[in-house]
Amino acid sequence: MIVVMKQEASEGDVEHMVQRIESLGLKAHVIVGTERTVIAAVGDDRKTHKESLESGPGVASVMPILAPYKVASLELKREPTMIRAGSLSLGNGAVGVIAGPCSVETEEQLIKTAEAVKKAGATALRGGAFKPRTSPYSFQGLKEEGLRLLAAARDATGLAIVTEVVATEDVDLVARYADVLQVGARNMQNYRLLEAVGKTDRPVLLKRGPSATIDELLLAAEYILDAGNPNVMLCERGIRTFETHTRFTLPLATVVYLHSKTHLPVVVDPSHGTGHTYLVPKMAAASVAAGADGLIMEVHPDPENALSDGYQSMTFEQFDDTMRECRKVAEALGRKM
Amino acid sequence: MIVVMKQEASEGDVEHMVQRIESLGLKAHVIVGTERTVIAAVGDDRKTHKESLESGPGVASVMPILAPYKVASLELKREPTMIRAGSLSLGNGAVGVIAGPCSVETEEQLIKTAEAVKKAGATALRGGAFKPRTSPYSFQGLKEEGLRLLAAARDATGLAIVTEVVATEDVDLVARYADVLQVGARNMQNYRLLEAVGKTDRPVLLKRGPSATIDELLLAAEYILDAGNPNVMLCERGIRTFETHTRFTLPLATVVYLHSKTHLPVVVDPSHGTGHTYLVPKMAAASVAAGADGLIMEVHPDPENALSDGYQSMTFEQFDDTMRECRKVAEALGRKM
Amino acid sequence: MIVVMKQEASEGDVEHMVQRIESLGLKAHVIVGTERTVIAAVGDDRKTHKESLESGPGVASVMPILAPYKVASLELKREPTMIRAGSLSLGNGAVGVIAGPCSVETEEQLIKTAEAVKKAGATALRGGAFKPRTSPYSFQGLKEEGLRLLAAARDATGLAIVTEVVATEDVDLVARYADVLQVGARNMQNYRLLEAVGKTDRPVLLKRGPSATIDELLLAAEYILDAGNPNVMLCERGIRTFETHTRFTLPLATVVYLHSKTHLPVVVDPSHGTGHTYLVPKMAAASVAAGADGLIMEVHPDPENALSDGYQSMTFEQFDDTMRECRKVAEALGRKM
Amino acid sequence: MIVVMKQEASEGDVEHMVQRIESLGLKAHVIVGTERTVIAAVGDDRKTHKESLESGPGVASVMPILAPYKVASLELKREPTMIRAGSLSLGNGAVGVIAGPCSVETEEQLIKTAEAVKKAGATALRGGAFKPRTSPYSFQGLKEEGLRLLAAARDATGLAIVTEVVATEDVDLVARYADVLQVGARNMQNYRLLEAVGKTDRPVLLKRGPSATIDELLLAAEYILDAGNPNVMLCERGIRTFETHTRFTLPLATVVYLHSKTHLPVVVDPSHGTGHTYLVPKMAAASVAAGADGLIMEVHPDPENALSDGYQSMTFEQFDDTMRECRKVAEALGRKM
């Protein structure tokens, strides 16, 4: 931690801050510059109240040196974390593909979709039973009935099930049916929920909130890891920016950056990340080229009549084409898909 | 709803969309332009799956006409909603002021702060007992013990208590102690929590998420209203932008815009909205000038030793000065404070 | 400057960086932490190629300590800079008000507006003769004829003239007619233009670009100051964010922040900063409460028929009301307007 | 254009707006909805003062239907525009690669780099002679001497020269030496400069400003096209968002979106788009997968000692590896590189 003093800070202010730093169990090094004094605080500062140092007399700013997360960090564990959940395998050089409808609607819709995406090469089935919806007037999901249909689709196809859990009180129920628990973007900082999924033995797909920094995403993962669950997949699904021609802005550099900071695998969601079906295929291929460990995509037998997210769902044929292109890229780069 | 067709859309596409629109119970008007055809869909489209229309053949885009919220809307109820909760009164021309520490730490800290903010003119006491923290390694709050201290502070000063609830399972407990339930920015789209606070008889202070649009904020309010609780205060606490000299960007035009769309009162949080104590006083005064119905601010007897948010907390003296300036502005503009 | 080494950096890397830092004329202090080594580089680093240090072997990141601007800095000059240009006086406790149409259209339009804004209390007249327009198909301004009309309006009312200059080759021409040269948001980083206005003896109103950081704004001012012109007014006119209910997001904390960093006066433009007439009055009052040294606002005799920016222009009556409210706030806070 | 009336708009307001619309040469269709009235205005509205309609009595908002650009539009010209400038060929299925140093520094630096990038497969050489720099204290480029060195590098290697022009008065000079004129991100809305390069016979590489919308980018291109120059390449180089782990956020969906709207070729700049060398290779490959017609990348013989942008420049070896990976992706997808 570097404490930068104001130009007008007095010697007493510097002395005061040195004592504060040492009272936190850190060692202080004072460096007198030509225009300002800075104090380097040496030691593990993750658990100290570093932000409160900014309130100190004469302090201009405080700059952390250590990343705030620990267990997720590549510095702690250098080998990539591999996730295995039934048919889904991620983070081992192979690109896992999770595909399916936004919402579970009917048995026929789900089974048909599961069969189609499996045939095209998907390794897991997604489908929402509990749906967090922006408007209280939108379809809210089939709930437990949806979970049952998902399990039936797994029985029919062998595909692992990835489905969202939106509340602590549903975690046990959802974990009974699902192979992977998804924590959605809106719940990325719902810490109780993170703790609850951290106590299950199910791998977790953690989606980045649309305005979450990468440090915040990794700290959210840290809640799950810290609760005892080592199997976390991070998912980039687009951030909120001034752009309006896409629903969100999908920043693929996240994949490369995360691979330089964490051992956790990184999944990209080009459906939510763009919000328009016609943008998905090329952004899926670009995700693979950027090194994504997995993809999650929305596929529906009849997007025009989908109960949610039709505008970003692919038909079976579009998905098949997309898989074909993605596979070409993966193979060219020496990866399996 | 306006469905804009692509230039290359066929007559069959237009005909298809007309039927789709009518099958949703809306009336379709086709307007053939010089370069494109648009179809106006007339009727209440809030509950229909309007997004799925974007998947229709030949559709370029779909533009909603009606706001997606209804009960929160000024079109439904023209008189401003007034909130009364013990000593706190908001939305009636008077500016309510909620002040106190970020976290409840000790009885002495809390009672001293409550007395100081009351003397300076605050009309309610804030203080966190359940703290949602970005890092699992940060102080997480005193929980029920914190609630007890808050109730003691109310007994001592008569100030109404505003405190955050972070999980559905805590709602009853928190509602037993608090006068106002705060839903934090991170939980703005935690719909179960919104429904749960919507079933209590406590007024709710709903904070805007840092990347939430105003429509999303009003739809979150709509979840609470729809669950039966009419007493919602909306709180602007800053949005995430590219700016780094402030922790968040505080867009005060939100106040004026919301007053043109909703009858719900609007509170501004200049502490989180700027993230630096020295910016708070003038931004508080500016909030009053912009027409805010209330302010919520962090005050601590010793910010440098606060267990959270010291960098944005005011001392008693700073708060007293801030109140003095805000009152001058309020009075000049014919409002009480 | 603080050079943060990667955890895996070798001793040789550290030694290499120490030599690099010293070859730049700075003094290096090595601080060995529990997890990483950092090197503090002491000295004036503004002119050195500090960014290239990031390419050094084993370097994780480089954090500057000194602000990159110098002449604009409060550390160099503590007294606020006052601007005087004919009837306009800014930065001396009084709030200067620049008002007028977006574009100069006709003599009648301009003279009528000048008289109306003067009567309402404006101290300078704005009006565009050279218009930078997003689309080549929009009205591009009356050019020199517009400048002549502005001069005529000054003759008629005594109001100082503020008008935009968009190209280096026009600087002399515009400076012949105008009292204050405006550099628009799109040209904030047109360095040739900044140098050119820096060589005139006219005060400059420098608008912040919609995605410019404050450091970038101050460095743009530094180009003008460095060219010999000390009379620069900084203008906050809104930044680009994800918000769409306003055309730009107007972050008033900029005013307070700038006052803590620079001696240059700060003007706010609530017309461009919101993009909707109905939002302007309260945001103007809020700007005064935030401590703005000046306001610049669009006023038109008939906004509906304006050739540009009608959607954010006030009528004479609206402007008169706005001035009245702003004056109340200014007086309450002990300022003149 | 759709004019949405407020709920409280009177019949007189509607009638007034109908007359306004017809006075602009458009045809008005009134559609009375269940809650609001909307008026569809039919005709080419690009040249009309559509924004001023928002000031009309009772108007809630105005939504354009037609894109504001015309010549750049795919609706006007369906075949992709191909650019040929010496060795550079773009937009014909082949991926053009422009590589070289940020700034031209010395003859040796430039010739060595030109030879290295050519050998690795680049088809054009970039290098800045006129440098727009955020700080007046940074290296500003060798100016005409830099142009001479670029021409010498072309003589030595046969590579076409791409270099930036920052001011109208330099256009002739730069056009004498360069094969392609680059308009930088800071000058994307410097309309005089756009008109000036539009009058030359050199192809133009137009970089997107970091907060420019795609419509604004296409309108900037429209200035060049409208001035008579049909050879414009659009360049995505990253946008400004809240993210700080990259210097800018590189939104590759831009490539796919632009291909759906315009016939102009799209180049991606992963060097500026990420701001860190280690992120460039994978983002270059991802750009190819997203369908980019070209890449522009920074390469320097000794990034650590570069006079500018060392932190995002690749060494010769890194560039060679990057090209190899990109070529694999291109070939897998049936494109040449």
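As written, the chains take the letters A, B, C and D, and residue 1 is the first residue of each chain.
Here, a contact is a pair of C-beta atoms (placed from the backbone, for glycine too) under 8 Å apart; a residue touches a chain by one contact, two chains touch by 3 or more.
Just so we're clear, the structure is a prediction, and the values are computed from it rather than from any experiment.
> What chains do chain A and chain B have as common neighbours?
C, D
> Return the chain pair with more inter-chain C-beta contacts, choosing between A-D and A-C.
A-D
> Per the centroid of Cα atoms for each chain, what is the distance between chain A and chain C, given in Å?
38
> Just how far, in Å, is the C-alpha centre of chain D from the one of chain A?
Each chain's C-alpha centroid was found; their separation is 31 Å.
> Mark out which residues of chain D touch at least two other chains, giving numbers and ranges.
In chain D, the residues touching two or more other chains are 211, 239-242, 244.
> Within the complex, which stretch of chain A touches chain C?
2, 4, 7, 29, 31-36, 38, 40, 42-44, 63, 65-66, 75, 240-242, 244
> Across the complex, what residues on chain B touch chain C?
211, 213-214, 239, 241-246, 249-253, 255-257, 260, 273-274, 278-279, 282-283, 285-291, 325, 328-329, 331-333
> Would you pull the chain B residues touching chain A in the complex into a rising list?
Where chain B meets chain A, its residues are 20, 46-47, 49, 51-57, 68-70, 132-137, 139, 166-169, 186-187, 189-192, 209-211, 216, 219, 222-223, 226, 239-240, 276-277, 303-311, 313.
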